[in-house]
Structures are given as C-alpha cells and as structure tokens.
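Below you'll find a set of structures to go through.
One chain, chain A, appears in both complexes that follow, with chain B as partner in the first and chain C in the second.
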Partner chain A sequence: MSDQREDRAGAVDAPLILFVDDDANQREQYRIRLERQGYRVRSVDGADAAMEALREERPAVVVLDIAMPERDGLSALQELLDADPGLPVVIHTAYPSYADNFLAWAADAYVVKSQDMSPLLEAVARAVQKHPPDGG
Partner chain B sequence: MSRAATELTGVCPCGTLHQVPIAWLMVDRDLRVIDGNALFWDELVFAAPPPVGTALEEALPEGLREPIERAAREAMRTGEPADASGLRVFSESQPYRVVDVTVTPTAVRGDDVLLIASSGVGDAGRRVEELTLLHDMIRVLRQQSDIDRVLFTTLTCATAGSGGLGFNRAWVLLCDAENRSLEGAMALGPASQEDAHRIWAALTSSPRTLDQFAAAYDRWVAEEPKPLHETVRRLRFSLTRDAGALPVRALIENRTIHVLETPEVHQELAELAGAPELVIAPMVVGDAPRGVIMADNLYSRAPITQGHVRMLSLFAQHAGMAVEDAQLHRRMEEDQRRLTAALDELQEAQNELLRTGRLAALGEMAARVAHDLRNPLVTLGGWARVVQEDPDDTATVTTAAKIIAEEAANLEELLSMLLEPFSARSLQLEPVDLNGLVEDALQMQENRAQQQGVRLRRGYAEDLPTVRADPAPLRRCLTNLIDNALEAMPRGGMLSAATRREGDGVLVELSDTGIGMTEEQLPRIFDAFYTTGHFGSGLGLAIVWDILQAHGFSIDVRSEPGQGSAFSIRIPLGEEAACPSHPT
Partner chain C sequence: MPTVASVSSHVLAIVLAGGKGERLRPITERRAKPAVPFGGAYRIIDFTLSNCVNSNIRRIIVLTQYESLTLERHLYRTWNILSPELGEFIDILPPQQRLPNRWYEGTADAIFQNLYVLEQEKPRWVLILGGDHIYRMNYRALLDRHRAEGAAASIGCIDVPLPEASKFGVMQVDAGGCITGFQEKPNEPTAMPGRPDRALASMGIYLFDTDVLVRAVIRDAKTPGSSHDFGADIIPRLIGDRKVLAYNLNSAEQPGPAYWRDVGSLDSYWQSNMDLIARYPEFDLYDEEWPIRSGLGSRPPAKVCVSTEGTMGVVEQSIVAPGSVISGGHIRRSIIGPRVEVHNGSAVDECVVMGGVKIGKYVHLRRAIIEESTEIPNEATVGFDLEADRRRFKITEQGVAVIPRRAPF
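== the complex of A and B ==
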C-alpha cells in the first residue's frame, strides 16, 4: 500500500497542490489525504514560505488558509496573485465570514474547512481543470 | 426635632413676638440679653439694642436696672411671675412715664429664660398674660415635628381652656400647592352640646396642662367616631375658583377675619354653621400661604373678644411656621425614601445590566467557540478519515492516533475552561521558588525556541523570597506566556525572562521582540476566545488571567506593534515569605 501511495505521490505529471496552513497537524493530514487522491502536495506554514515555493515550482492550485499568524491570508492572496496573476487559489478556512471580504473574491473558490474533504477536492479539481498546467 | 426644624427655617421662636404691642425683653438665667423688641428699646431705654449677651444691668438705664433685676431674681427663685410696678422712665425729650413690668420665667428651645414685659399702666397685666400664654403655646407647638402632631397641638392650643385660647372648636385647612386648593385637614372639639358638657365637667374635676393635652394625640387618633373632624376633612376650596370664600380670602389677603353673623358663612360652611361668631386666621410664612385656622364658640356661645382674635392671629403665624417645618420634614423623609428606592432600582438595573452583559459576552463567546471548534474538529475528523481510508498504513495510523489524542486534549481543555473557570477551583498554596518555576517553564519550550531561532535571556534576582502560590497552575501561566511570546516570533527573536523584587512584592517579567499588539488589541487579550486573529485558541491568556486572579496576583502588559510585548506578573509577598528561597 505504501508503495502505491509513494507511486502516486511521486508521479511527476500529477498536478501539484501548494497547501498553505499554519496548523502542522492539518498540513500533515491534508498532505496525506490529497496525495491519496493522486495529487502531489507541497505544504508550507505561511505566506513567505508559499512565495518561496511558488518561485521553485508553479503549482496547479494553491490551497490557502486565512487565519495565520505571520500575515493575514488575504494579503498573502494578494501577494501571490501579484506575483502570478493567473494562479488558481482556493481559500480554505475555518471562518465562513471571510467570504464576505471582497479580497476573497479574487480567489477561485472559498471552502470552509470540514473533516469531509469532498468540497475541497471538488474546488481543487475545478481549479486544476480551469487552469491546466502549462506544458512545461 | 423642633430645634432642628427651627434651624431649618431660620426663624427664631420669638419672631412674632416682635410685633406685639407690648415692650418686652428676654434674658437668660445669667441675666444676659437674648432678645427684645423695638418697642422695649424705643419706649423704655431710649437707646439702640445692645448686642446679644449684654448683661442686664448694662442694658438698662438707672431707674429700671435695680427694680427689674430684683424682680428677675425673685422670678428665678420662685419660678412664678414677679412684678416691678410703678417704674419711672425718663428721657430727654419726653416727660417721664410710669410703667409696670412683669418678669415671667419661661423656656425657649428647652432653655430657661426670663421674659421681662411691660405695657402702659392699666392693661399691663392682661397683655403680659396674653404674651405669656402665647409663648407657652409656641413652646408646646415647637416640640412637634410630625405634621399631624403639629396640627393636633395647634388645635389643642386653640381649644384648651387652661393654657390655651379656650375656643369651643377649632379646625385647620391646609393649602395643597399642587391642586391650588385649601383642604380640611383636622378638627378638634366636641361633637355635640352633650359631648361639650361632659368634656368640660371632666376637665373641671381634673384640669390638664397644655402639655398633657398635646400628649393626648394618640388617644385622639384611636377615638371613633370624630364627626367634626370627618366633616372638616370633606371641606375643599379652590384657591382660584372660590376666591370669594372666607377661608380663601383670609389666606389670600393674609388677614384674620372675624365673622359676625354673615350669611355667606352658612353657604360655604353649612355643615359647620351654628355659632354666632367665627374667627379665620391665616397661616402665612413669608409669602407662602400654608393654610388657615378657624375657631368658634358653638356651644358656650361666648363672644369672641378682640384679644382672642389677636392671639389666634399671632398664634396662627407660628402654627404656619411649624406646619411648614413639618411639611419640609415630611418632604425630606419622602425624598430620602424616594432616593433609597431610586438607589435600589439603580442597583437592580445594574444587576440586570450585568446579567445581560454576561449574556452578550456569552453570545460572543459562543460565536467564538463555534469558530474555534471547527479547527480541532477538522483535525480530528480528518485524521480519523486518514486512518479510515488506509487502516493498514501503520506509520500514518500511529501519527493519526497521536494527533487525535492531542486534539481531544485541547478540546477537553477548551471545555473545562468554558464550564469551570479556574477561580472556582481550590488552590493548593505552598511556598514556591519563583526562579526555579520560571526556569522549568523556559526549559519546557527550549527546543521550540531553538527551532524558531529564538534566543533566551535570563535575569533572575538572587535571594528572591519564596512566594505563596499553587506551583502547577502558576507554571501553566508562565508556559502560556512563553508560548505566546514564541508564537509572536515565528522568525526568531529574543525572549527574556527575569525576576526581581519590587516594593513589598516580586515581579516576573517575560518579554519578546515579536510582532506585538495594537492599542485596540491590548484591552481584550485576556478575554476568553479573543485572539489577535491569527493564532491560538484564544484561551491561553484567559487562562493566565484566571489563574492569577485566583491567586490575587496582578498582571501588566506593554506592547507595541513590530516591537514586541512585555508581560509582568506582580506577586505580593505574604508575611511568611520574608525568607530567601532555597537554591534550585
């Protein structure tokens, strides 16, 4: 089983998800579960690390938590989109109220965190389809 | 009470006496001048009044000095009036006059005084008697403060045969300022001719003093029926519409009316009619109308003399002042009652406010909790699914189990925080070595600090006395504060921990060079579930607050955005904490 997982995780052509969340337990959990769905996952703990990761490899989609210590997730969203205007971003948060913030409208989707991962998976799949990875 | 009431209105009980057409002087038992009317100084002494307290011998001219002093000493010794008759009064401008002087022992506000009074030869005796009578009535009246007792005493003075004015019946009508009306308040007198005869017979066999009459108020209240009183209580005149009615006229014109066979009396006071004559004396204080006293001789049908009219008129002014005092007194009591009631209401409102305030806080907290529950739930549920999806991945299952246990513990803490504030638990106080405790807490987080690139700086005071505290929760406080400091420095910095003595207490200071907090954030950081919007459950500092409160310790925080925060806990030293702590 673990081989299979590694296979999936290691598939070079699998779409890369950049998962940004300050909660280590959640980062790990989502890494495992998203990889099991066939994605490659790079998880980072904040906006600065996300910018760094973005420079290294453009992800197919960014899953961005907005309630993080270092910088407000919404300003991080701004920064990510400034650096890469076409970057698909899914906001992933415990707080439904952020959806009212116009800054959040710049994101492709707004998903309220749940132990049921299907809304996140749907949003990620839609974002990936809408912005297919460049041929590179 | 009558004394206080007198001071309230600032009226000397002798005030009205100044107007009587009798020359009089009042001295105390040391024969020092207390008061006197203009007539006395103008007609007998021919000099301006000397200051209060002047010795009698200095105040009087030669011809009067010796005989009046002698009469005064005699009156003092016997307690009875003493006369000095046929005194010659000389002046430069007038031929000499002969006057009679009577010295009467009496009392003002409970102090024994002597009243030295004189009138022209002839009616001197009668006038002095009147004056003495009036003075005695005022004395009795002034002992009352309750409005009903004042009225009863007033009417007693008007009707008592011995020591009073001796009217058959008397009643009082009082002004109601609010209704602009004059309303029957109280009446005293026999209900019928038979009643009158019975009362007079009883009084003849055992005469009573004015004081005894006035003391009968409670008996009078209990007495039933009181037909005259009931009739008078039904009287009501409008001060505006009934301006022609006699009682209203007496009041408005501020003059005593002596009614002789006037048909209009029968019209207005039909139920009270029957007497050949009637006196209506206004009670006016300053410009303020208080009411009227009315009196007649229904049963004896005795004529009402000018002396009676004059006396009732003078007495009514005093009764007015006493009524005013009593009303003032009652108003003050009512004000006090109202204030007390208002205070009670205010306290009730405050309690209500606190209740609703707590509810609002609870609502806010519930909203906060709802949000804060989502994260641990997502973690718990998510990891459960990780296991569910691939139960054979033992490494992951182990990790998941560990994380699930951790999150469950966090949730439990959140719950206990909600259900059981720390202060409700009992503390196990013991002498605690503070330096050791701070060091413990610091070491627990040393690894994390290293990972984050946070340097630790220690500055412990030597010879720090032990403090009385429960070590476990206090360590928890320190851990939470250190936790907070580390969270504020995700990219490294400096965490300083220091202890020192200050005044009669000990300070623990924890400061960081982290992101700091804004002025808006600072006042709320100790609220449960308040977070700076970025991290933590919002419980850490609330727990700190709770624990320190339970100990009776205080905490102070300074912070500046981008500069860092400094928390200092102040621990007062108990008596037994004076000894230095053991080295760790």
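== the complex of A and C ==
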C-alpha cells in the first residue's frame, strides 16, 4: 500500500472502513493504521452495532471479526449482505479454519490476523478498488 | 472417492416445500401444495420422498414455509422411518428467520438462507427437489451420470413433444447432453439434437457439487435484480462457466416409463389423478420395485356393500383407499380417498374425493374435486349444470367443480 493517502487521513470524502471486532485494543490499533492509509474508520464492538452503523452510513468496506461474544461474524455476514447485497466484506479472524466454512465464502476476502497488518491493508485496498464508492 | 455403497450417503437432498400453490386454490388455502392429497392414499410430497428413499438417498431436509402445519404433521407421522443412528434423517426446517422478517424470495434464496445447514452437513453433492411433482425417478442414476461426466451441476429433464415445450423451461443441449442454453417458456422451443419433434423440459430437479452450489447462490444473492430462482438465474449463469448436464428421465436405467407431472393447476391436478385409474397407467402405483409410501397405517380395507335399502354398491375403474365404505353408491372413474362414505343411490363419476368425505343418499357428482372431510347432503347435485355450479363453486377451465369443506349446498 502506498502512503500517498496519508495526507487524506480523515478527509470527509475518504473511503469509510467499518471495523468490527470485540477487542478494544485491536480496534484502536487498526483504526490508527487504517487512518494512516487515508481511510476514515468507524470501529464497533459487535454485529448489532455493525448493523446500526451500516444503516447510518454505507461503508466502502466492512472488516469483520468472526469470534465475538454476542453474535459470531458469520451469521452477521449474512445479515449484512441481506441488507446490502453489494457490500464488500473482508473477514478478519484469528482462526484459519473458518476459511472452509460455506458462510465465509460470501466475503470478498479472508484474512488471518497476524502481527503483520499488511495482508489486511492489501485486502481492504483491493476491496475498495473493486467496489468504488460511486458504484462504477 | 467414496466407495460405491457409500456414494448416496454423501448426497443431501433438499426438498423445497414452501411454495404457495396459488393456482391450486382453494385446495391450497389451508395447506402447502406438497401436502395436498393425491391418488387416494398419498400426499403430493410422498412421491418425491419415496423417490429419495428408493434411490437410497436418506439425508433429507424439507424446507417449509406457508401453511406448513398439515405438511409437518404428515411428515412426522408418515415419514418417521429413517434411522438417525445410521446417519439418515428427514428434517423439517421452517424458515429460521435468521435474517429479520424475511421469507424466502425464491428457490435460490431458500438455499442461501440455509447455507448454515450445508455447512453443518458438509455433503459432497446437494440434490434440490420440488415437493410438488408427481413422478418416479431414480436419483442415484442421475448421480452416477453426473459423476461419470464430471459435471458441476446436472438437471433432471424430460423430453416432451415440441409444441408442449412452451409451458416449460427448455434446455438446449449438445450431442453429449451438456446444456448450452436455457429458454424459459419459449414461444419457439429448441428441439433435441437428432429429435426434431421433442424438446428437453426441466423438471426442476438439480444436482450440484456442493462447492459449486454454494458459490452460485452467494453470487446470486449479490446480484442486483436477480429473481433468486434456480431456473431463471442460477442455471443460465452457470452454463457459461461450468459443465452442466441435462439428464433425461427417459433413460434406460430409470424405473418404468418416463412420467412427470407438475400439478400446478386444478385441471392438471384432476387430470393426473385420472391418469392413475387406467388398467396399465403410465404411472403405476402397483410397481413393487418402486413403492410409493403413504400414511394410511392401519386403516381397514375398503368395503363395497349393499345398503340397508337393498342397493348394491358398485365401483368401476376407480381407486378406493382403505377405510372407505361404498354402501349402495355407484363409483365410476374416480379416486376415493381414505375414510370416505358413499351412501344409497348416489353416483360419483370422474371425481377426486379426498379423505373423510361423507356423501349422503341420492347425490350426483360429476367431474368434481371434493375437499377433505366435506359433507355432501342428500340429493345434492354437482356437475350437470355448469352455470348453476359456477354460482356456488370454483369451476376450472376444463369444467371441474371444486367443492370446499363448508360447501354452500
């Protein structure tokens, strides 16, 4: 990912990333990193909050954790896509095994969490490029 | 690869039993179409489920939706025959409403909403069936062809005379049976290769490699404007990308002559019932090689007897289900369901009489469908004056009267 976007951090027209994860530390870490890439970031701690956020503003990409205490990300994924079938979703989980789960196949990308954040940033960038916000 | 013996156990059959059956109203007013009584002893879904069990496909999920109480009760009581210990089941699955306030928007959406079931079961192949057709088919032969040809999906088809094909989804195939195109109810259907007088009509039966199915319904769910239908959306998109095979029911490895009816209208419902009463019908319920299971249990045999008035009961060219008593009545060319009573001096001609109907004395019924548990009072007459009947009953295009439970006699 180039750093050309850095000067756009927080810009109102920057693509919005909806980051869904129950771990507050991770939300903060990734928010900082994604904003540095020039995205706007809205972080929420679970599936219900994600649905609410989706109603308020359509994000360019949803980054979705799977193992969350209230409701798992895979059932949330179906509901997100039911509300907005074209919504790009990147699954972001500590578990590689869910990649074989049929429900996960509905996501645009599947990224296993690691210290190295670049796979996630690349997946987000690809999803943003594939689904430009103007629908083109 | 699985062994020959175990291949069928890797198939999950999903029976789509949620359709409203609008064109069969009023007989689908209080029951889903698959639960509609048929052929005296059966309900429509019994044909599909018997095909499954006879084909050794014994992992079955029935997706229900509207007016499913009668259907569910029938399945619990009649089809409680498989062994969960052997990994066999018929599970009844009403919409889980995992997605808020959503009914199924089409056949493909029904599968999309139940992806979690495929995830739980992880079958190698998924067989998608309707619960509302009358036919006999060995699905195992379909599976064998599917595997031998290396198809991603296979569609059950039946060849029909070209002029009749306009009523169906018609497959265009190459000489090897691979589908190259699909026409929905075409004005000018394409003939089969080498058979200029026949066309291949879809029976609405789909066998998929599971991964192909999952990707296809996800892609469909994300496609704006899709009607989420296997015939209209999933198959046309798939034939460009993958090998999709047309499997003709009219194949040597199938049991008996090819017979398939979509009982989509009241006239076709009446006619397919009438088809059964021939001495050697195309669809033979008496074929012991391919039994159709019914839910009649321990009812006593049908009885035809002299009435107290001294009139002999007579049954001509008809099917009479167990538990029925024809006491001094005359039945001709009719299907009589279980626990029906026909009393002295009454004549029933070309009728489909569902279970529990009581026909009084000196009643005359011709060309009628009579709803379950209806009481027909003494001296009532239907089928002789269409205009008079029309004021009381629904009359089909072919002039068949449909007599509802609380009939206005």
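In this text, the second predicted complex is superposed on the first by the 125 of 136 C-alpha atoms of A that agree within 3 Å, B and C clash if a C-alpha of one lies under 4 Å from a C-alpha of the other, contacts with A are read in each partner's own complex, and residues count from 1 in each chain.
Throughout what follows, a contact is a pair of C-beta atoms (placed from the backbone, for glycine too) under 8 Å apart; a residue touches a chain by one contact, two chains touch by 3 or more.
What you see is a predicted model; the values in this text were computed from it and never measured.
In the superposition on chain A, contact is made by A:95 with chain B only, not with chain C.
Shared-chain residue A:86: touches chain C; no touch with chain B. Using the contact criterion defined above for the overlaid structures, shared-chain residue A:117 touches chain B, although it does not reach chain C. In the superposed model, A:28 lies in contact with chain B only, and not with chain C. Of the two partner chains, chain C is the only one touched by A:78; chain B is not. In the superposed three-chain model, the partner touching more residues of chain A is B, compared with the other of chain B and chain C.
Touched by chain B in one complex and by chain C in the other is not one residue of chain A. Those residues of chain C that touch chain A in the shared complex are 98-100, 102, 112-113, 115-116, 118-119, 210, 214-215, 218, 221-224. If you check the complex, the residues on chain A that touch chain C are 75, 78-79, 81-82, 85-86, 101-103, 105-106. By the touch criterion stated above, chain A contacts chain B in their complex at residues 1-2, 5, 22-23, 25-26, 28-30, 32-33, 36, 46, 67-70, 72, 94-95, 112-117.
For chain B in complex with chain A, the residues that touch the partner chain are 371, 374-375, 377-386, 389-390, 392-393, 395-396, 399-400, 403, 406-407, 487, 490-491, 515, 533-535.
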